[in-house]
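Heads up: the structure comes next, in structure tokens.
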Amino acid sequence: MEFLLVVVVKIVIILAFISLGVAYLTYLERKVIGHMQVRLGPMRVGWHGLLQPIADGLKLVIKEDIIPTQSDKLMFILAPVICFLHAFLVYTFIPFDGPKGFWGYGGYISDVNVGLLFIVAIASVGVVGIILGGWASNSKYPLLGSLRSVAQLVSYEVAMGLAIMGPILLAGSLSMVDIVKAQEKMGVWFFVPQIVAFIIYFICGVAETNRAPFDLPEAESELVGGYHTEYSGFRFALYFLAEYANMITVSAIAATVFLGGWLMPFPSILGPYLSFIPGFVWFALKVFFFLFVYLWIRATFPRYRFDQLMAIGWKILLPLAIANLLVTSFIILYLKM
Amino acid sequence: MAEIIFWSLSVIAVIFAFMVILSKSPVRSAISLIGVLLAFAGLYLILDSEFIAGIQILIYIGGITVLYMFVISMMRFKKINIETQFTKQWLVAIVSALAFLAEVVYFALKGKEFFKVGNHSKLVTANGLGTIENVGKVLYGKYVLPFEIATVLLLAAIIGTVLLAKREKEKM
Amino acid sequence: MRMKELVSKVLFVDLIKGLSVTFKSMVSHAVTEQYPKERSKIYERFRGEPRMAVDENGKTKCIACNLCAMNCPVGCITVEAERDPETKKRVLTRYVFDMQRCLFCGFCEEICPVNCIQLTTDYEMSQYDRKDFVLELNELEKGMEKIKYKK
Amino acid sequence: MDEVKNINKTNFAEEFVDATEELVLNMGPQHPSTHGVLRVILKLHHEKVVDLDCDIGYLHRGVEKISETLSYKLAAPYMDRLDYISAVSNNLAYIETIEKLAGVEVPKKAQYIRVILTELARISSHLLWLATHALDIGAMTVFLYCFREREEILNIFEMVTGARLTTNAFRIGGLPQDVPEGFEKAVKDFCEILPGRISEYEALLTKNRIWLARTKNVGVISPEDAIAIGLTGPSLRGSGVKWDLRKAHPYESYNEFEFDIPTGENGDTYDRYLVRLEEMRQARRIILQAIDGIPEGDFTAKVPKVLKPPKGEVYHSIEAPKGELGFYVISDGSTKPYRVKIKGPSFYNLQALKKMCLGHYVADVVAIIGTLDIVLGEIDR
């Protein structure tokens, strides 16, 4: 019984934290990109616009909910929900802290022996929501957007999956917790021996979450809004939140698999001074770093064209990922022999 | 507990399966198919086969069904509606469906004698049949030849598809 | 040369150059003016809200010569006048300025022989109602009623 | 919609091909990157453009007809609103045409100030072009950087002419008034910061692999085609044709300044981008020469209050930021023109859209509309 209670409390805490994180990620994005563009970003609601995400959320909720008459209504309603659900479901498997974290209760909801596989699998279902939304709108721009997004997500998933294989081989496990433990044991985070996989993973992650410079499915200068052109109000908010939740997911996976999750950097040097900081703070810092790079990239780069995007995915990233996998496995085999 | 989950998942799977063949719009069929596949993934989880469940979701839903939907929405299929649901082959379809049903019922009743399920279920509880290690060992140990043959088959299919797609492009 | 290009491509030199520009901008000072709180400098010649000048007695300077109405490309000025029977001078009876049509070209200001109509540096001219844009002489002398931003 | 009826007649395979063949997509008139109310009807095969048609006229105001009902002087503010991004250039073209018609000689000082203002307008127009073009391709930061610099130019316009956008800067015979104090300093300050800022854009775009991928070999047009279609301005020079009215038919003492005409090689979007960037630098060069050499004298010539040009007709064109902007005015000897015809560069440049777009992707259509630098106010007039 106590086990169940602990899990429920953890779910509530993590859900609340992630929801808040997603809301304030939009704030962070507007502030960071604003300052990069020599603007200020939101300043009016609250001190330096700190209440802006809440105001935005309220605005979206009370806005008129429009369902196009020519749409497939059930699917139109279902699509953002699918997207949203899968974006948040993933956090079941992400370790925010070690087994001793969260004051002894374990810093994760569940540790499955194929956790990473589940994360990738669940995240891949989210695309169903996107294509469904594009199709159900029965409009041309959303259709083009959803077609783009499917082609993009399916092709980048392959390279992404192969890129994560490298660290998995090093760790010898698909469990997120074991991967971090392996990094602890090895003494060096996996982004050092797996630098190629790390870069591939990050590029694919940007593409997977439809962020610039791979934000073709929702490229506003070409497809107006892509798959969510016809969505408004709360349903749009669901898509919006799902996108940002996905960003956090991808960053969390990167932080766990490549940057040692909840581990402290340079434990031999910093260990005596900073050991009072709980693991999830380090984890949050690492996630924050990735999110910042996301925003930084968005503020800087132009957008790729669709065919170029596919070419990069299939002709550069995929062969590189396979080569990386082969080299890694040969080295492991050699070391074992 | 496991029984309740098993039966509810089975019922869900059957209901969704009916929706796959009965719904008017192909996209709804595809969505129902996702429901079926998710229920299957749940069934695999009861059998302690997490790896198979994950792969089920990743490949079948994240890959194949999404590609179905890709094709469907590209063809703007919506215009073909229920009229085409019953084609001239209905007689053949019913006969083959009945035959298949009879087969399923027969094996469900007599299956134990053929397959000796008892031995396998022991293996499941002992080693975890669905874990990656076991799957890998079986796939690359005992069944390496069929596995390799299957890969060659898939390769042939890929090359064939590329050829077909290329020819169409030249025609344009 | 070819090798150098390849190396710089693999090391993302071109992308890092761009990233450094945005990062530098992030830590530099923003150029935003927070409008209702801060106001940008308006130059003297700015052509904004129209005003009619008055003399020291508080009477209008307008001599009803009609030059401004004739020099308006859109015809947004209407001047009505009648002759005073005693002094035989034209006296202004009504002056209407339709701000909805105004181009703010400044021809009226330029042509006015007594510097009566002027385009001031006031630029906040929004109204809720279209009829509030049609200004009569007294409104032109005082300046139009402003909708204040409240917060 | 014929496909719907034909389903029963044709077999499945044919229907499959039919449905995937073409998709008619309406881009605009309300679309974020058609630069105004341009409507482009695209026929797509997947995402490739098979056919394209432009639908214009959503912003038609009848400027040419209105000018016939107004006296020569009063039509000038309307010309601000043609190419509202570089209002000063339009003003110059119209005023010069009238001056040519009426035979007015403009004092040197006014000419120099006119040159400074029009070159500033050229920079501002190119900045806005770069901003929106980069935004169309997805580089959103360049947009705001360019607006930061454009703000400085608009401040100078406000200081000199009294308005930021619809400047109504010039009068027949010269300027409405002398330049204010601090003008020289403001212009020089701006010229000081400009090169650094341009190199900032270059760091963000010129060598960027994504920018190169998106602009190289996109929207290629050969010099022959460009001349045949009637492209002018940077769009023409991007194809390698060295044609600039400031050199070919100098007006406003442009022959007294030293500057180069940049040209491209391949005639693609990237070359036009480089040409416009270089034009900004050259415009700065002209401004610096002009601001140092402003002669003493009157700012306006003596012009009769009621202008009655002699009977006759005149065509005069200048090198506006977007290309050759020409005015054709017929006078019947009265105070109002008999006919005013405007040759706007955007209208001619838009004609190249189809030729450039066919066979490219939807995303390229956006980039090509951007690279042509059209303004709908000038196309629809």
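Should a chain be cited, it is by its letter among A, B, C and D, assigned in written order, with residues numbered from 1 in that chain.
Note that in this section a residue touches a chain if its C-beta (ideal position, glycine included) is under 8 Å from a C-beta of that chain, and two chains touch if they have at least 3 such contacts.
Values in this document were obtained by computation on a predicted structure and should not be read as measured data.
Most remote chain with respect to chain B, judged by CA-atom centres, is C. By number of C-beta pairs in contact, A-B leads over the other of C-D and A-B.
For the pair chain B and chain C, the distance between C-alpha centroids works out to 70 Å. Taking each chain's centre as the average of its CA atoms, chain C and chain D sit 25 Å apart. Separation between the centroids of chain A and chain B, computed from CA atoms only, is 29 Å. Centre-to-centre separation between chain A and chain C, using Cα means, comes to 49 Å. Counting partner chains per residue, chain A has residues 36-39, 299-301 touching two or more of them. Taken residue by residue, chain B touches two or more other chains at 74, whereas all remaining positions touch fewer. Along chain D, residues 141, 145, 148, 204-205, 208 each make contact with two or more other chains. If you check the complex, the residues on chain B that touch chain A are 25, 27-28, 31, 34, 50-51, 54-55, 57-58, 61-63, 65-67, 69-70, 72-74, 78, 131-132. Residues 33, 36-39, 140-141, 144, 148, 212-213, 215-216, 219-224, 298-308 of chain A are the ones that touch chain D when the two sit in their complex.
Against chain A, the residues of chain D that register as touching in their complex are 23, 25-26, 31-33, 47, 134-141, 143-145, 148, 204-205, 208, 210-211, 213-214, 361-364, 366. By the touch rule above, chain C contacts chain A in their complex via residues 15, 18-19, 21-23, 25-32, 34. The residues of chain D lying in touch with chain C in their complex are 70, 73-78, 141, 145, 148, 151, 155, 158-163, 166, 168, 176-177, 180, 200, 203-205, 207-209.
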